[in-house]
Each structure stands twice: as structure tokens, then as C-alpha cells.
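Labels run A, B, C and D following the written order; every chain starts at residue 1.
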Amino acid sequence: MLDVNLCGVKMRNPTMLAAGVLGITASSLNRVYHHGAGAVVTKSFSLEPNMGYKNPTIVEAPYGLINAMGLSNPGVKSFKKELYKIEDRIPVVASIYGSSPEEFVKVALEVQDIVDMIELNVSCPHAMEGYGATIGQDPQLTFKVVEAVKKACKVPVAAKLTPNVTDIKEIALKAEEAGCDAITLINSLGPAMKIDLKTGKPILSNKFGGLSGPAIKPIAIRCVYEVYEVVEVPLIGVGGITDYKDVVEFLYAGASATQIGSAIFYKGLGVFKRICDDLKVFMKREGFKSINEMVGLAHE
Amino acid sequence: MLDVNLCGVKMRNPTMLAAGVLGITASSLNRVYHHGAGAVVTKSFSLEPNMGYKNPTIVEAPYGLINAMGLSNPGVKSFKKELYKIEDRIPVVASIYGSSPEEFVKVALEVQDIVDMIELNVSCPHAMEGYGATIGQDPQLTFKVVEAVKKACKVPVAAKLTPNVTDIKEIALKAEEAGCDAITLINSLGPAMKIDLKTGKPILSNKFGGLSGPAIKPIAIRCVYEVYEVVEVPLIGVGGITDYKDVVEFLYAGASATQIGSAIFYKGLGVFKRICDDLKVFMKREGFKSINEMVGLAHE
Amino acid sequence: MHVPKILEIKRIIRESSDVKTLICPWDGKSPVPGQFMMIWDFKDEKPMSVSLIDKTNNEIGISIRKVGPFTSRIHKLREGDKLGLRGPYGRGFTIEGHRILAIGGGVGMAPIAALVEEARARDFEVDVIVAARTYDELLFLDRLEKTGARIFTCTDDGSCGFKGFAIDRLKTLKETYDMAMVCGPEAMMKGIFLELEKRGIPGQFSLERYIKCAMGLCGHCCLDNTGWRVCVEGPVFWSHELKMVKEFGEYKRDATGAIRPLG
Amino acid sequence: MHVPKILEIKRIIRESSDVKTLICPWDGKSPVPGQFMMIWDFKDEKPMSVSLIDKTNNEIGISIRKVGPFTSRIHKLREGDKLGLRGPYGRGFTIEGHRILAIGGGVGMAPIAALVEEARARDFEVDVIVAARTYDELLFLDRLEKTGARIFTCTDDGSCGFKGFAIDRLKTLKETYDMAMVCGPEAMMKGIFLELEKRGIPGQFSLERYIKCAMGLCGHCCLDNTGWRVCVEGPVFWSHELKMVKEFGEYKRDATGAIRPLG
């Protein structure tokens, strides 16, 4: 009843672990799957190792979290070893990043045989200049990255977009035109900032970070709704999901699957199973037989 | 101790009533002043009367409100009568909107003699096509509107900007280049959306609305901080303020004054006086003698 | 959370040729008589006062007169159809004093019916003037009779009870009251306000204004000259407050915020 | 809210040539021995375990050994200087069993000191092995003596008490214990873990890993093969859990997430 087929990737339910959360080791990804996630997305990794930013890298905000981890990862060579240790039955999405189409392609080629899908992080709002949102805020750069990876790879490719643009539809259309198989909406919002009152200092070492959690859900829902009206490819909804109602809202807005991150902080790892259990009850009560029936219902 | 001189407009404290809230009648504006606001901003008005959108025009979100009032106002001719009824001693900022530089100028000329400042609404995220954020998301249009009003008017002019752009610094710089005397940051975030689960319908009649309230404060703080580093004109900070700590955070980020809207829902009209009382205690404790000393402290 | 709750209409009562009461389940905060709910029919959303508060069965009733496109759509709904409700909003009636006079004109009887039931349940002595244009339009007489309140009907055409307006009926009542509670057309309420002032009886009056947010923010329902918000400080105002409300009985504002004299 | 609280350092205690304890006021949630705090010096933020929990005076103490740039900066701070603290985080020690053996090596004595004080205050019978390289580096002996716990010091160079490692001292103790609680270098803990297993004594061990968020999200501190987060499921793990932690005593991960064998 809850199963989803996303670009040929079969998931037992529509709740995926979002990129950047508990995704740096195979053990952790296996564990999240065993807590109920339908699929897991790795932490974004790149060609070379990256230490990320100094702490503080996270601070809480009203109904949200502001983080600037800084894309820390051991580099693709090292990360491949982790990927091999993920259990076979788990649908794995590799989140990758780089500063040029070539870099993206190199990383993608390294791992495409051992993952089910690739998600392009062209949207991290606290990335170094030239990475993350710097790409995804530019339709042409987005196009080039997606096109290059699509040409080079045989696995499905999702583009994860940033909401921090004047018109997300424009970027989504470019990503689709470049051939992406799915679009993930949205990366964290902002950037956002928290200043300490006693010292007058921005708390995060990077000053700015991405806002996630329930605070951003109304923005994420709008992005999914808006993009659903202009593209054909399936959408993966993410941003502020903490319960089954949020998942339903994303499905209605037009998402074919969803991702969950910050809710692990708010609700614990049981959040995946809880959402799926509640979702089943909801679907029975409302007479839905499959997730698919619910996708895009908010559109006339 | 709390007094502020904003482009020559003298305010008894740095808490202004934000545009769009309790600003449609003189009685209401007078009342808000008597509840402690340092200055009041009117509801945005235009050349012709506007009914606004059908209800629902507001819905609550986690730690925020999503609204799409639709810029309802009785038109400048009728609104002038209200402006005359505002008590003399109250610093009044007229928020105005239009779809062209000429329209902005016409409205501004009608009222400039009876207000202390004009705030240009080029940022409403739920305005009709051609109005509000449609202007403020385009640096050139923003420039033209600000320039036209500045050339025509003798009162100080603030441009209120939308955070819903790829780079708010770019827009702020254009507004400054066009001669604005101050910049108000930020209008509501998004647009945002809430879908009802029982019916699958977007709740707001306009589907999309602007997100305000504590949820957006981390974004507003970042916008003020970022823009403070590139412009010279004073900034007015707005977005999610509900207590004195929020005001201090905005001042540290670089705002010379602040505006308060949604907090009237969360805390009641007493919020202005409460913030000012607490702010005074904070300033004494931390050794500040004037608001001005606190402005921009978060910058190295 | 101020989000409409989607509910199924449990029962519909036809009260008169143009007034229906919709009964909905309600497990939210229980309204006080005089408070209002925002009713969303998925096309528009309007404030409606609560005419029935059944705490035993967790039900509330909303009585709606067919006057325009919104209310016509509501009148077409059937039992089992869905509606969105949020609220309750505003300040309702404060039931105080030993002898209470309640006055309702037309569909203004809606909050008055809820009020009389609550006041009688709490054993207040209540007289009610039920006013309407004609006999068929007198509302809630059955429910009122059950409460044991003393009922004075009056109709413009004399088809039931006293012939004339509520104000005329009031003038013939020589009893003294500690408190009057009134809802009806504003012109009627203004007259009653003046008469009550003359007789030194404090009154509470339920006002109607154009309401968008109902959350005290948009400012559309603010009253001159006090700036009070009908959706927060009202909709029920006391006589001593109304003395400061210059627009009472004079004008209200339309959807744009422009002033419209009362018709 | 998980936001650093900015506090003034009330007192600084020099515990040894390279360890200082900073005492700060703390009116937040009281830590359990074994839990840690995130310490922000306005340049960087690191996890540090709590060495003193004074619920009477609302104070906590953090003991820090000078080992790198961050801890060197901390060592330069003076009383009255500010620090940012958030926490407490993680799962601490569970004080259970009749006779408890506590073992601390080097600055690993920090949580052990807090633990012994709490266990003795609750009248548990406690033996402590205090281990260090040399006499000067034996920590918290005064505090421990005040608790009435039985103290076994041991130093690598024999300058105080038993000459040798904590594991050697443990082997000479023939007493039986219901529970052991251990904190120190991981190689030391691994040896003690094996010895305790042999003797059938359940143990609790405080692990240290690279921690960024401390809120269970970033995943940097996850252990192989269980995926447990040191910041949430740890830092204290029980013997039966550690049997499943393949990396215990073998390797940890650096700031990039890459595997580094234990030195």
C-alpha cells in the first residue's frame, strides 16, 4: 500500500532519509533503514575530502534548525568503501557535489554502479563559493551540471534545488530540460542567521546557515506545488516533515516521495515508522489504495 | 534612551508598527501608537480602491502566519481622509504601492505633505502580477520606482524589499543607487502555502501567501546583516520580532529601527510597550546609552 | 492553530424561509454566546455567530440567513457535506446581573438564543424580545420556550405578538433590568442603546463589521474612534464602550476599507 | 532551545600542569555524570564532559586538558571571561549495582569524579582506580577523598601508588563488583573491557568521537557497525553494547568522516 516506484527505484514507503543527515557511514544508513525509512540518501560527497566548517555548525531557531556543516565528507574514494557496506536491499541515493560539471561527472562515475540513484546537490545554502546553491541559483549552470551527469551516467538522476531563488520554476524547468529524472524540493532555506545577544557574534562559525524544520514547510509545499504545475518528472518533497500529515500535504502538493531530516532531532529515529503507520491508517480511512493516487491532488 | 532619529524622523523608540497590520484606519493607527509603538506604518494603499482577495486570507503555520490579504485599501483619495485624522505627534510612514513608477509617484504626491516618510511596497509576495514583489524581484524595476518617487518627493523614502530573491544585496544596492533614504527588510517570506488534508485544497483563496512570524526571523536577520555590509543608508528590520531580544538581534545585525506585525497576534497590542520596557533594562545592564550604539554590533 | 477544521454537517434545521441552522461536531474550544466562528465553504470564508452551544454532545450550531452568494451556497449544503470552521473568536456576552433582558432582531436572534439558553441554565431570570418582520421569521421560539425565559414576540406587521419594532416593544416594558443583551440590525441596536441609556440599563451589543483575518491583525474591522477590533475586543461591546464608538449606528467600512453609511 | 548560553566563568581550578577546571553557573537542565556539554569559545565549539555537578549552587565544572589550539585558548581564559555552553547531551552513566568500580585514566577522570560524587552521595559503595602517567597528573584526589570512596592510585612511572597501567591495577584487585564505569584513552578502555568481560563484571564506558551537532543529526559520531550516535545513544555505552561496536578500540573517524586507526 505504501510502496513507491521512483524512476524505477522501488521503495517500500515514501519516506526517505534526507541528504546531510546521518548519512556519513554505512552503519548509520543501515540503521536508519532498519528504523523504517523507505530509502536513504547519503551525505553529500565530493571528489576530494572536505573537513567542513568549524563548530558551531548548528543552532536551534523557532521551530527550525540553522546549520552550516560545510559539506564535510571523506571524498569519493573513501566514501565508496562505505557505500559497499550498505545492505543490498536498501535503495540508496548518492548525494554528490562539485564545483563544475566535470567534477560532478567524475564523482558520479565512481559510484553509479553501487547506488540506485544520484542526487545532485546544487543547492546547499552554506557551501563554499562555486558549490551548492551558487550553481542551483543559476539556470545555465544547473543545466550544465545536470546535462553532463545525465550524459555520463546510466542511473536515474535527481536534481535537488534551492528555494533561495527568485523563481524556482525557472530552475526546475532547466533541470528537466537537461534531462534529470526527478527533482528534489527543497534544500534548506535562507541562508539564515542567529546572533548571540551577549557577545553580538553570529553563532555559526560560517555566520550563515540553512534553515530546516517545521518553520520552512509552508515554503517547501509551495515550491512543490508550483514546480508540479510546470514539469513532468516526479518530485521528491522535503522540508519540515515531522508527521504523516506533512507527508500527505507534500503528496497532495505534487511530491511522489518525501525526505525526512530534522524530524529525527524532533521526534527521534522512530519518526519513519510512525509516519508510515499513521499514513496507512489515514489512507484506509480516506479510501486511498496507493501513494500514487494521492500525488498532486491539490491541483484542480 | 530609546529614541531614534530615522532619516530625520524622530521616534520615541525603535518599534514601529509594520505595514499591513492594523493600518487601515486612523483610529487603529492612533490606538497602536498609544499602545507604545514609536511610529506607525499604514496599510499599503494605491491610486484606486482595491477589494483584496476573498477569504480565507490567513492561516496559521508552525510559528508563523501565512497571509494573502491582497493589498485591500480604499484608494488614496479616501485614505487621505484617514491620514488627516492621525494625531499630529505620531510619526507616520505611508506604505504605498502601484504597478508603475508613475503610479507610485501619483500616490506619493497625494500624501507626502501629511506623512513623515514614504515606504515603497515593492515586495508584497501575494500581490497581483505587476505589483509588489514582481517589482522588487527585478533590480531595474526597483531602481525606476525608487528613482521616480525620490525625484518627485521631498519626504524621506524607504524601499521595503522582498527576501524572495536570489540575491537581496543586488536589489538593495539598486534601491540605494536610486536614492532611497532607508531600506526596510523584509517583507513576508515565500510565498508559502498550506493545503487542507480533508479536501486537498489550498486553504488561502489566493493559494499562496506570505509567511510572517517567528519562523522567518532567522532569514530576516541574515538579510539585514548581509545588506548592512553593502549599503550606507539606514535599515529598518522586520520579520518575526516578538520580544526585546529579537529587537536587539536586529539592531546588532544592522537595523536602525524595527517593525512589528504578527507579534500583535502572538502577544497582543501590549507587545510594543513590553519590548520597550525590557529593552531599557537590557541596555542599562549591558551599558548602552542609546539605540544607535547597538546598530551593527554583530559586524567585525 | 488557527487553521480551519474540516467537519461534516451533522444536521440541518430549517428555521424559517431564509434561515437555516447547521449543526456540526465541535471538539475544539467551546464558544461563549456572542463569539463567532469563521466558516469556510472552500470558496470563501465569513464570520458567523454561534446560535447553539451543546457541550454535552460536542456540537455547535451556526444559523445563516440567505442574503448573498456565500450564504446561498451554504443553504444548498446537505447533511454530510463538509465545512471548514475556525474559532471561536472575539469577546462574547458576559452574563451578569440578576434580571436580564435579551433582545434579538431577525437573524440577530442567533447569538441571543445561545445566550438565553446559557443564562437560563445558570438560573438567571431572563426576558427575551424576539423581533422579526413577520411571524414566519421569528426564530428559535421552541428553544426559547423550553428555557423558561419570558418571551415577548414582536413583528413589524403584527402577525405575531406586539405590532411594531423591538424598540417600541421595549418602551412598553416597564420592568427594570440589570442588564440588556442585544443583537440585530445596527439601526435597531442604536435605538435600543439610546432607550437603555435613558433608563440607566447597561447593555451589551453584538456588532458586525467586515472581517478578514479574525485574528486581530488586518485591521479591517477597527471601529472609530477607538480603534477597537470587532474580531478581538468585540463583537460584543458594552454601552459605556459604545459611547466612544463614533461610527456605531452611523457607518461601517466595506472590503476596501472605505466608509459606507449604514443603509 | 539548543542555543549556546553565554555564561561567565566563576572560578578556575588548576588541577595539574595541563588540566584546568572551569566552574560556570548553570541554571539549565542538570547534567547526569557522563553527559557532555558543547563549549563555545566564540571561535570553535567542542564537546567536553562534565566533571562537577553542584546542584546546590547551580554550578557545573568542565575539566579541560591542554592538547591543541582550542584547549590552549580555553586555558588562557580568566575568571569573569565568557563562554558559551549548550547541553547537557547524550546518555550518561547509570548508577546501579551494590559495589561499583570506577576507573579513570588521565583527564578521563573528569566524568568519573562527578560520577563518584553522585554515587557516594547516594550511598553506593565505590572503589576508584585513578590512573595517570605520573603523580602530578592524578586528578581530583581531594574531591574523591571527601566522598569516602576507596581510592587506588596508579601511575605509569610509579611516582604515586601502584606502578603500571590501570588495567594492571585492575588485575590485582580481587574484589568482585556489580558494575564498572570507565573513562580514559580508548586503548586503555578496550583492555579493561576485555578484563571485565573475563571476570563477568558489566561495564559502562565513555567514548569520545568527533562531534559536530551533538543533536543526533549530522552523523559524524556514528559507530560501526551499529550506527549508534555517540552524541545521543552514547557517549556512555555498556559492555554488552560495545560487543557490537566493531570500531571500539580499533578506529575512529576524523572531521571528514574518514576512518583513522586509533594511535
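Going forward, a residue touches a chain if its C-beta (ideal position, glycine included) is under 8 Å from a C-beta of that chain, and two chains touch if they have at least 3 such contacts.
Chain by chain, the UniProt names read as follows: A, B = Dihydroorotate dehydrogenase; C, D = Dihydroorotate dehydrogenase electron transfer subunit.
Fair warning: this is a prediction, and the values are worked out from it, not measured in the lab.
Think of each touching pair as a link: the shortest run of links from chain B to chain D has 2 of them. Ranked by separation of Cα centres from chain B, the top chain is D.
Centre-to-centre separation of chain A and chain B, using mean CA positions: 33 Å.
Mean C-alpha position of chain C lies 67 Å from that of chain D. Between the CA-based centres of chain A and chain D the separation comes to 36 Å, rounded to the whole angstrom. Here the spacing of chain A and chain C, counted between their Cα centres, is 51 Å.
Within chain B, residues 194, 197, 201 each touch two or more of the remaining chains.
Counting only residues that touch two or more partner chains, chain C has none. A linear topology is adopted by the chain contact network, the touching chains following one after another without closure. Pairs of chains that satisfy the touch definition comprise A-B, A-D, B-C.
On the chain A side of its complex with chain B, the touching residues are 61-64, 66, 137, 164-167, 189-195, 197, 200-202, 207-208, 211, 214-219, 221-222, 225, 240, 245, 248-249, 252-253, 297-298. For chain A in complex with chain D, the touching residues are 20-32, 43, 49-52, 54-60, 65, 67, 69, 72-75, 78-79, 194, 196-199, 201, 203, 205, 261-262, 264-265.
Contacts from chain D toward chain A in the complex involve residues 1-4, 6, 38, 40, 42-46, 82, 84, 212-213, 215-220, 222-229, 253-259.
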